[in-house]
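Okay, here's the structure, questions in a sec.
When the chains are written out, they are named A, B, C and D in that same order, and each has its own residue count from 1.
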Amino acid sequence: MAKFISRRRFTIEWGHCDPAGIVFNSRFFEFFDWGTWLLFEAALGVKPSDLAAAFGIAGLPLVDAGARFLAPAGDVVELASHVSEFRRSSFDVEHRLLVGTTVAVEGRETRVWAARDPADPSKMRSQPIPAKVTARFHT
Amino acid sequence: MAKFISRRRFTIEWGHCDPAGIVFNSRFFEFFDWGTWLLFEAALGVKPSDLAAAFGIAGLPLVDAGARFLAPAGDVVELASHVSEFRRSSFDVEHRLLVGTTVAVEGRETRVWAARDPADPSKMRSQPIPAKVTARFHT
Amino acid sequence: MAKFISRRRFTIEWGHCDPAGIVFNSRFFEFFDWGTWLLFEAALGVKPSDLAAAFGIAGLPLVDAGARFLAPAGDVVELASHVSEFRRSSFDVEHRLLVGTTVAVEGRETRVWAARDPADPSKMRSQPIPAKVTARFHT
Amino acid sequence: MAKFISRRRFTIEWGHCDPAGIVFNSRFFEFFDWGTWLLFEAALGVKPSDLAAAFGIAGLPLVDAGARFLAPAGDVVELASHVSEFRRSSFDVEHRLLVGTTVAVEGRETRVWAARDPADPSKMRSQPIPAKVTARFHT
């Protein structure tokens, strides 16, 4: 059973770049976020805005993120994203931004499967990730 | 000798937030970048755009970054940034985003002191960080 | 009776700039949005996230926006924002971004005072702006 | 002779949206900027970063921009961009962001064909737009 990987090709824009002429670093974290939503939409068949209603959660809050910048990113890139590990109520997503076959940036996110706290709806509380969810991240 | 810490207070804006009503995560990495430039400007007395001319470098490319999201960030926040370690040609910056006295987000960046490669000006090459630079990051 | 003007000073960051070394143009519209929310918070004493509950509206959707770019913006700027006209259910906000005493950018926004449509909550419907609201935008 | 129109399809991302769940307005101006660079690259066969060297200019500074927001933008959109008028040294670009066949946002930009001022390279000076350039914007 292989892990389900979502892929998106897109163009690095002039407006993504900083005065040094390279992609401004926070943009990569924005791209990773795109990648995670795309991955979940592809695996679960549900848009980000419908995830809450479909699974009774309030979101997938990010608790940890990181990136290694290995080579310049430019022109057309491909973002490949997959869940590297599911735990009881949190999971890790790994992202690779490719320029051709070169990995330009590696990213990782740790997110929580979270619902509103019934005792205080302004807060989020982690929830066990349903088996029917994790099962969809294999092919 | 204490480490030199730069601090900036700023307001979290509606436009910084995502559909979940919280700060969109890539914004924090943008804030960290602000913090690093502010730190270097405060310590060295040189604006980001003049750093190259003042020290013969082409920039401070980011090679690794990470963040831990501990609590919601809102309203007025304070970003405290300092260099936690200088190595021969690279260094680590640590950032803490505070809401009151609570650390909402911890960030870290590893950057390189880099000049244009004389053999190929389209590339960057790490350079030894001058002692007169590192000396300015203590108080 | 003078118009109520809100003012904010902030720093143009390296990360706001594009490869030409100037502020990337969409950032100014982000600044204008900051200015409008600041203006309404200052005039009405209500945070953006509480505006809905306080006045029974769903938001202030933007229907038209524009800017004239007159001079480079850099370092510390001041954004001055005021409502130039209230109509029955819409209003115009004018923004000036100043570098010292020079107007670097002029902006304008037309927004609607809008509530959820009772017949279809996924849609917004313009509402008459209460007199108690408009009265707060004079000093 | 018809005007040359460049078109790009792309996905509206969760991270493009604000707490109201709609695309944050400054993003549209970022999309318009993408559209203009795409249009020039398609018409002239030159990347934004090579435009300067190819035509002896320093950039296409924006002097005026505007947008009308007509309908919500979501999911997959198409951005159609064309030059509506060339003048001696400036030109207008019109953008339409389509959701299916519905125009969600109309945008316009006025930009200048500008070189470094030989007397003061920190400044830009408008230049006559070469006929070989304008000729490429027809099909």
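Definition applied: contacts are C-beta pairs under 8 Å (C-beta built on N, C-alpha and C of every residue); 3 or more make two chains touch, one makes a residue touch a chain.
In this text the structure is predicted, and so the values were computed from the model without any measurement.
Enquirer: Could you let me know which interface, B-D or B-C, is made of more C-beta pairs in contact?
Expert: Result: the pair with more contacts is B-C.
Enquirer: Upon optimal superposition of chain A on chain C over Cα atoms, what rotation angle is obtained, reported to the nearest 5 degrees?
Expert: About 180 degrees, rounded to the nearest 5.
Enquirer: Cα centroid separation between chain B and chain D, in whole Å?
Expert: Here chain B and chain D have centroids separated by 32 Å.
Enquirer: Would you mind pulling out the distance in Å between where the CA atoms of chain C average out and where those of chain D do?
Expert: Between these chains, centre-to-centre, one finds 24 Å.
Enquirer: Using mean CA coordinates as chain centres, what's the chain B-chain C distance in Å?
Expert: Each chain reduced to its C-alpha mean, chain B and chain C end up 30 Å apart.
Enquirer: List, in ascending order, every residue of chain D touching at least 2 other chains.
Expert: As it turns out, chain D has residues touching two or more other chains at 14-15, 19-21, 24, 26, 30, 33, 48-49.
Enquirer: What graph shape do the protein chains here make by touch: line, ring, star, complete or other?
Expert: complete
Enquirer: Any idea which chain B residues touch chain A in the complex?
Expert: 19-20, 22, 24-30, 33, 48-49, 58-59, 61-69
Enquirer: Applying the document's contact rule, which stretches of chain C touch chain A when the two form their complex?
Expert: 14-15, 17-21, 24, 26
Enquirer: In the complex formed with chain C, which residues of chain B make contact?
Expert: Going through chain B, the ones touching chain C are 10, 13-15, 21, 30, 33-34, 37, 48-49.
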